[in-house]
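There are two complexes below, and they share chain A, which is joined by chain B in the first and by chain C in the second.
Now for the complex of A and B:
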């Protein structure tokens, strides 16, 4: 499997990463290199082996359902570019 | 051509934890904007999610109640998309290994019971809120809701009418509130329904192309939206068009659905296991403990009400519509020994009065002990139905027992034959014309005379006895 320039442009758009036309060649080559590596791994027979969801064979620790976080709105909004009435303001988005 | 509609529902059930799914921030509704957005919800660099144990146990509860498989190893995944009310750039959800799979929920449509398969239920976090108005061309973001725990419950496309879809949604709503895992408040968005709707010629095996109607927050809207969407799809096909896969929104004002996005610009979420979270493992002991803490389920209680109290399956279904109502009914029926009478009163006068005052069964001012006291007095003939209603109204506005009110207001039904005979004789003597009419064959005259006797007794005479004695005297 190899990615076309079009595929790379689409992935870049979905990931909100700016890739210029000048860079797209190099990025494609790098991504295809990684895919080549994956292809090699996929050649290994993995029948009967359970897919691994995490490299460490430990399970998740859970926390009790209690409120421990106070409001830190003032501190957080002090570093935000723009706020109003307690809201963070961002460029207009309407789907 | 005859068409068949095929419906599957996805329901977002907001879990009623006090803290968020991955942080110790509060989930209380209605707080000042962003005062409940911790560093985790704000997605500041370096923070890590820590899963709330109550979320896992509430999901197990639902899984057990749906007779589903609990996946003792389940995995969180990242669902990637960019929107400012989701600062991380991905929603933590579950994809390939959800916590609950292969359940079922029975619904009652008319007299028919039907089993709807539940494909899966998975844990995920809610996003924040975007406010598009009044910010001089900017969008306002409130992240208080971000990280609120949700269970997304996905059904198989097993429903064949809007009525069935509503019955399923209501049954699930009853179940999650019954289990105490969700407050069920639809106005506040605690229970949100998406409906996948398609149509196909009757008898055709394969499904038609579906459209997904998003974010229906009332059962009425759910029904309206499905009916409109079904009609729209049938007309589109009959007019020679084709249904395109799409996501649509329902507009309650116009009663119509409109396109939100087509399949072409549908999201590509690029799911992958979240490396920040290890697999969740659930032990047999934990499942057994959750099971032991669960209340009796509505379906079991319904069957028991029919057996133990002799109520109809329909009444039993109504009475198990909420846990509060079912518990109340059981107390009254047990204390009074009058199951059917209790069912009739709860479905009749009690429901009517609650409705009129816009109250919920939990706010009923008459406790189970007092209501059963009233029913006992109806059953033993002390009160006629009419007097019982009068006592009921007096009880509603006071803390008094039925017996105290009966005594105080002199409302005992008169069943003393001698006393009624005396009243009947007086009425007959005072109404010779009606007596004559009755003897001439005018049946209606009897009712007029009975009315006079009831009036003379101030409504307290036993109506059946009045009729009987009147007939005797006139014979």
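Now for the complex of A and C:
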């Protein structure tokens, strides 16, 4: 199967990456090339194989529900594009 | 001094032949002189480096020094380091000065290692040639027309050109071993979970693993002993006792069973690279190793499986770059979604965008089982191949890449061609195994070629033993480019 320009535009939107009309042809070609490579997997019989997420098959640790990190708001917000009164500013989302 | 190993520098510091400030000054001068043509460093900060060096000298004077206190090294620009720009090779993080240290950096600081600077890399560690950096490609010190390999190309070039005696690096699909091979340095990627990912900018979290590069296996052992260790802030960090990775270096290799996977010597391997690997195997035989043939039948499936799993995880990890809390924000936008889309379109380079979109697609509604779960099943098959192979051998040897370093620009227009060159490295990450690249010779056109040593889980000390013994009878690792 091959992705149409419309499919690619939808994927770009889901990815929150603006793709211009001028770019979409080249992007589609490259994505289709990569998906062609990936399709090789479909020829392999993997029935009954357990998917592998972690090489050691360890389970996630639990810890005590206690405070472990001090507040470092100022240091962390020093690298933010726009802050005010300790809050991150974004364009208005509620009218 | 410039060609000295970590081990030698450590001795010189202990003997008071040189101070940490003198060492740092010497390397900084060399970086000033050579970095303009190599582009191995993104950030150098003389004042910060010399402050760290002076602190290391004070620590030595106070009798509180460790083995490596005062030795200068370089850090891949993927490890968050407080007060240093941590760009990850991306415009997205060009303005990001980290407010905290990665675990790897904390460990290096605790050991008293001095930071020489931050090395160039493919953007967000995505690439095999270093051409995907926002800061421009790194050049291979052996041949300025050649790629250094990627993604840790800056670290490899810096060590090869003797701009640093060692460097940190990361390996998600070969990003330590392939540049180490192409630049003629020794590099080690440990077992997944041995080095904490805390503060290491995430690419594909189930594959990402920190490691090191240096001139020798002995130096890699010293460095790995510093950076490895359990860290509760990384949910996949393994709870294991600290190890001295130097402990087995001197062991003789008599009786060592070396596995050669037939799939790694089939079509596609360049003749000159094949010859170099054969010669390296012969050297190990002289040291008493026995050679057995093994099979890793699913090797070719590592490419599609990797290029599903890595982009899928990348698309999730890189969703954090939204122009809100840190990183690049577009200057003009009409609403919140427009701000996200423009900030990300401007902040990411084309390879990063491609992988995010591939990942978004394979994880999207209706495709998850067909792609991600399928790839995870193939991942299990690949891990099982290694399990079967290691039943009959102690280490597996092979090439790192099908050819020596290719030319800059040669493959940059065709992502699929670039991906295919990762054939001998991806399986190791999918299985979570440790592996190394060790200098083993030069291609017909004079470019370095590395021997890959793959170990079983937690067999780092064994691999380092094999590499060290190999380096006792060869001098490929001691060769340096004329610059």
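The rule is simple: the second predicted complex is superposed on the first by the 80 of 95 C-alpha atoms of A that agree within 3 Å, B and C clash if a C-alpha of one lies under 4 Å from a C-alpha of the other, contacts with A are read in each partner's own complex, and residues count from 1 in each chain.
Operating definition for what follows: a residue touches a chain if its C-beta (ideal position, glycine included) is under 8 Å from a C-beta of that chain, and two chains touch if they have at least 3 such contacts.
These numbers were taken from a predicted model, which means no experiment stands behind them.
Student: May I ask you to decide whether A:58 touches chain B, chain C, both, or neither, giving the answer as first, second, both or neither?
Tutor: both
Student: If you stack the two complexes on chain A, which partner ends up touching A:90: first (chain B), second (chain C), both, or neither?
Tutor: The answer is both, since A:90 touches chain B and chain C.
Student: Once chain A of both complexes is superposed, is A:16 in touch with chain B (first), chain C (second), both, or neither?
Tutor: both
Student: Quick one: classify A:66 as touching chain B (first), chain C (second), both or neither.
Tutor: first
Student: Of chain B and chain C, which one touches more residues of chain A?
Tutor: Touching more residues of chain A than the other partner does is C.
Student: Taking the stated contact definition, name every residue in chain A that is touched by chain B in one complex and by chain C in the other, in rising order.
Tutor: Dual-contact residues (chain A): 14-16, 53-54, 56, 58, 60-61, 63, 72, 76, 82, 88, 90-93.
Student: What residues on chain A touch chain C, complex-wise?
Tutor: 3, 8, 11-19, 27, 30-31, 33-42, 44, 46, 49-56, 58, 60-61, 63, 72, 75-76, 78-82, 88, 90-93
Student: Would you mind writing out the residues of chain B in touch with chain A in their complex?
Tutor: Answer in residue numbers: 17-19, 23-26, 32-39, 42, 50-56, 73, 75, 80, 82-84, 89, 97, 130-132, 135, 137-143, 260-261, 268, 270, 273, 275, 277-281.
Student: Applying the document's contact rule, which stretches of chain C touch chain A when the two form their complex?
Tutor: My answer: residues 95-97, 99-100, 191-193, 206, 232, 235-236, 238-239, 300-301, 303-305, 307-308, 315, 319, 322-329, 333-342, 344-345, 348, 353-354, 356-358, 360-362, 364, 370-371, 373-381, 383, 414-416, 419, 431-433, 457.
Student: Considering the complex alone, what residue numbers of chain A touch chain B?
Tutor: Its residues touching chain B are 14-16, 53-54, 56, 58-69, 71-73, 76-77, 82, 84-95.
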